[in-house]
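Quick heads-up: structures coming right below.
Below, chain A partners chain B and then partners chain C, in two separate complexes.
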Partner chain A sequence: MTATQPTAAPGTEAGEQPAVTGPAVSGGRKAQGDVRETLYFALRNPKVLIGLVVVLGFLLLGLLGPLFLRHAPMDYAGPPMAPPSADFPFGTTTFGQDVFAQFVAGLRSTFLVGLLGGGVAAVIGMTIGFVAGYRGGLIDELLNMLTNVVLVIPGFVVLIIINAYLGVRSVPMQALYIGIFTWPWVARAVRSQTLSLRSRDFIDLARLSGVGVGTILRREVAPNMYSYLFMTFVLLFGGSILTAASLDFIGLGPTNAMSLGLMMNQAVQWSALHLGLWWWFIPPGLGITLIVGSLYIMNVGLDEVFNPKLREM
Partner chain B sequence: MRGYLARKTLVYSLTFVVAVTLNWLIPRLMPGDPVQRMVARAAVQHPETIASMTDYYERTFGLDLPVWQQYLNYWAALFRGDLGTSVWLFPAPVSEVVLDAVPYTLGIMIPAILLSWVVGNSVGAMAARSRWLDNVALPIGYLITAMPYMWLAILLAWGFGVALGWFPVAGGYDFGLVPQWSWSFALDLLQHWVLPFLSLFLVALGGWAIGMRNLIIYELESDYSNYLAALGAPKRLIRKYAFRNAMLPQITGLALQLGTILGGALVTEIVFAYPGLGKLVLSAIQNQDFFLLQGTLLFVVIGVLLANFVIDIVYVLVDPRTRTGLTGATA
Partner chain C sequence: MLTLDNLDKVYRTGTFGTSDLHAVRQVSLDVQRGEVVSLIGESGSGKSTIGKMVLHLLDSSGGTMTFDGRDVTKLGFRARREYYRKVQGVFQDPFSSFNPIYKVDRTFETLRRSYFPRVTGSEWRSRLDDALAAVTLEPDDILGKFPHQLSGGQLQRLLIARALLLDIELLVADEIISMLDASTRIDVLNLLGELKGRGLGILFVTHDLSLGNYVSDRVVILYKGRVVERGETSAVFDDPLHPYTRDLLASVPHLDRTWDEVEAEEAERTQRLAGRCLYHEAITAQGRSLGEEADAADGVPDGVGLVEYAPGHFVGCFRKAAEEKCPAAT
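This part shows the complex of A and B:
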């Protein structure tokens, strides 16, 4: 959903072979040694390392943080409008709620939305892309049409309508709906890569040996694109987080949980801007920016790891 | 070229039907009864009044008809330009309310989209050229794209509006003014426009710059670039060709990004209380005015489809392959 689709995506749209295809397709089957080699380069790539450290840091804070907090996110815990202090590291809201407690709880929702929303979109997009690319013919035509239709519908708009009608909203449901509307570009990219793999000798060999379509896709086609699929998932993860934040901000966030978008919604609604309560609206946005930005930068690093041509070593 | 446009038209017509059907279907699939909710809002106790109100609403919204007839009526009303009546601004028709808000949204969206595309592409092309600029521009670009639209808007509103006081932070024009054709009003309008425009522009900028940089690097590695270099062509010329080739995916990218940028415009308007479609969506949600909400959003969907179509036509003009019927853009 964001402007930064993987390097391959824009090229694919124009029907040209994308840059990323190179390593993914030419790799052949990954042996044990390849995995070790990938890890070796990944852990020595500063972009991957920095991205990983930031994302994992926030993940740990979200997972472990609530265990050490004395207040629930919505509790009226302290003096209203208190600036950051030792007791309240991120200060308090107009109502005396602990901003840090809200932030930590919001991180959990953020990661959940990213994981579920990105996961749903990845599964739908990859399935459709694999099947359309491998089967070809009428199935391809139909799936392609479906992809194009969903691609042009502004998904965010449909999400607004769906969420507006839902009385009770939960983070997993929100993630599910986000996933349902963000898969099309994945389907397109995966389809074009599958197309180029379909005519390879080893696929023919597998077909001759009589195994089913599902097995060929799973055991022969997908492993050759693992690196690309992984990077796609990372982008979907970030995109889901941003979409969810926008929905939450409009006031369509979870009704039974805290989220970073909801914090910004409340901050603006209770005029934190005019009261100068910067500690209320800076942390949630900064958190999202750092998480999603780190994911993007990590992806650039991963690209270098998977594609030896781009390595600087 | 005719085949290309025919295929595109088919996709867009189909998308339009699907979008309208979804718009009609979602409220009927969702739990809860909107009529009951509206009656409850009126807070009347008298059972007879409740009965007659329920009856009235059901007849007004055509809910007493068979489902297929409701669906057909929905289409018929749509073609008459009738999007229903706003409950919040009763008795204003939704289409009128929407049309009042549209100029504000277009006013920040169109300049932001076009400028960010042009500037982003040139920055990206420059970044692909110099190592130094690349090392600076790339991380900044990624951070900007990773920013939630409303957060940048909040930061700008707080920094330039509240703290520095350079620009107003709320509304489309000063609350003390009456809309009119005068210089002072135009100036005031412009002042209110700067910050929403800027935040939309900045977030979109990063994505284009990064995309262009990656595409140029890819094009410079391709056979035709190597061949030109081997022939001894000047670097400038090779770059020019690479830039032109990289433009094509960026045009398609523009079509694909419209929905996202639009979502960004909606939340940006909410931050600045800018009187466009975003604020309308917010008010509709807060007042549970589903007619207004759906009418606004349907309008938005149609707008996106039309814009996509325009971009496709531009693509035909730019990419000769679509004209000669060779593979160009896939439908």
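This part shows the complex of A and C:
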């Protein structure tokens, strides 16, 4: 269970965020059939494959699981404190709620929080990074200052305060707040890559073709770092899940939804540990650990795929 | 056609511009139609910076720029788009001029989308073929390839072809032949000659004096961001005045004269000009003193201006770097 109780969520403590060691921009991915080649190496990379299978497995369970459920997550559906059985694969809680139903619902909010939180952080971070890196000058300095300010804010603490006082009670809301505090390292990374791309002559040539800033960023700069942006998103996705789980666990999660962190929170609250109801807290704990762990392993694998120098020949 | 008047460029480096780098100082020059003007200077002298300011890829920090009498010092996005119909550039490094993840065709496609959205596919294709033929490239060898599959010379010529697709009047060519081998070099130089014949003005940036000599009608010698001498190519090359120009030319082999003749001539010139500064002599002859001139130039350090030594042959103060003292002042 300790594995699911991080003292510092990587998503919020930007300083500890594992840096994405993306392929050097100057490496310039080229060659015909680039996409197919990348896919070929990705599907042969055991790290990517394992990570993908685990994450997709949980995703499918979350998406399709509800179709086979007979009880709603909060229904008092069966005998209290029943161990796993054919009727209740993950057993029941002290109140007789179906743990499996809760787990499936929790998976949904976990993926939702990852997608939205990661998405918000990615959009903010990349926009700021692109603009700061491309425009330079005063705009860059101002955006840099903003980035650094948000970077040094102890995000997790602020999230706790926001959650406690503003009463974040829905999953998308929680995801939004998480996203707002996790973008700075993305902005920094994207900015430095954009900076190095900006000085290349093909950017100037595009300007000589009368093309505007937005188009240049979209069509010339970003495509050069797709692999990097993708890896960044994977990390953000995992970070958001972990942060959300931590918030839920300390009782600051959404009230109108079930989540894996909330399950653990309730398990602890109702002394599942002392009562020996292991089926109540092991599934959500293991679920989060496996999903986040797989995402990070996948990221390492993707690094090898995108960076030919790291490929094992 | 293009006139730069006291153009300045200060690079702001360090946070909030705490340390500045004065890369281009009070540069004045002009390029006319049907003329090649060479901008010659050593590495770091600010040649590319001037080229980029002309192309509006960098903002100038002072001075003015006019094109056909119209002020083009500051241009908005739309005005710049129109400007680029007439003024185009080819850069120093062909490998970095193409986005490595796309086929080279895309460079042309970008131009088409931007400026010729109504031209049909077949019409465009024939224009493209013409432009490629002008730079002696076979479309079949080039199109559909990625930049790393082509040679530097081929890429460089592709860039020239790109500029030709627009009906341009001025081409800024930044060291476009330093990457080429000897035979392609001649091809490209001849192409420039032909373009000049068609009435194009060319600002030819180079650090290679013999190339400057070969192609240009007029030369501008740049040293540490300052124009030290400019004039007709023959005038400057036959009678270099500024110490820096003389140093430069001393290292260039002459085909029509023996080494001894050249050395003798240079020794005579050294003797004639030693300890003098033609610029300040001319200023004094006009009845102005050295200190007055600095005031007249609005506090700008004196010696960044030029005087006309002979018709069309301008020379600046004989100091080298702008911070140094004039040799005649001591």
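In the analysis below, the second predicted complex is superposed on the first by the 279 of 313 C-alpha atoms of A that agree within 3 Å, B and C clash if a C-alpha of one lies under 4 Å from a C-alpha of the other, contacts with A are read in each partner's own complex, and residues count from 1 in each chain.
Here is the rule we go by: contacts are C-beta pairs under 8 Å (C-beta built on N, C-alpha and C of every residue); 3 or more make two chains touch, one makes a residue touch a chain.
Everything numeric in this text was worked out from a predicted model, so none of it was measured.
Visitor: A:Ser209 in the overlay: touching chain B, chain C, both, or neither? Say first, second, both or neither.
Guide: In the superposed model, A:Ser209 contacts chain C only, not chain B.
Visitor: Between chain B (first) and chain C (second), which does A:Pro223 come into contact with in this model arrangement: first, second, both, or neither?
Guide: second
Visitor: If you count the residues of chain A that each partner touches, which comes out higher, chain B or chain C?
Guide: After superposition, B is the partner touching more of chain A.
Visitor: Considering only the touch criterion stated at the top, classify A:Ala164 as touching first (chain B), second (chain C), both, or neither.
Guide: Only chain B; A:Ala164 stays clear of chain C.
Visitor: Considering only touches as defined above, state whether A:Arg200 meets chain B (first), chain C (second), both or neither.
Guide: second
Visitor: List the residues of chain A that touch chain B in one complex and chain C in the other.
Guide: None.
Visitor: Inside the complex, what are the residues of chain B that reach chain A?
Guide: 11-12, 14-15, 18-19, 22-23, 26-27, 30-32, 138-139, 142-143, 145-152, 154-155, 157-158, 161-163, 169, 204, 206-208, 210-211, 214-215, 217-218, 221, 248-250, 252-253, 256-260, 262-264, 266-267, 270-271, 281-282, 284-286, 290, 293-294, 297, 300-301, 304-305, 308, 319, 327-331
Visitor: Okay, in this complex, where on chain A does chain C touch?
Guide: 28-32, 34, 137, 141, 200-202, 204-212, 219-220, 223-224
Visitor: For chain A, which residues count as touching chain B in their complex?
Guide: That would be residues 1-5, 7, 10-11, 13-16, 18-19, 144-145, 148-149, 151-158, 160-162, 164-167, 185, 188, 238, 242-243, 245-246, 249-252, 261, 264, 267-268, 273-274, 276, 278, 281-282, 284-286, 288-293, 295-297, 300, 309 of chain A.
Visitor: Inside the complex, what are the residues of chain C that reach chain A?
Guide: Listed in rising order, the residues of chain C that touch chain A are 12, 15-16, 52, 55, 57, 77, 80-81, 84, 88-89, 91-93, 96-102, 107, 110-111, 114-115, 146-148, 159, 162.
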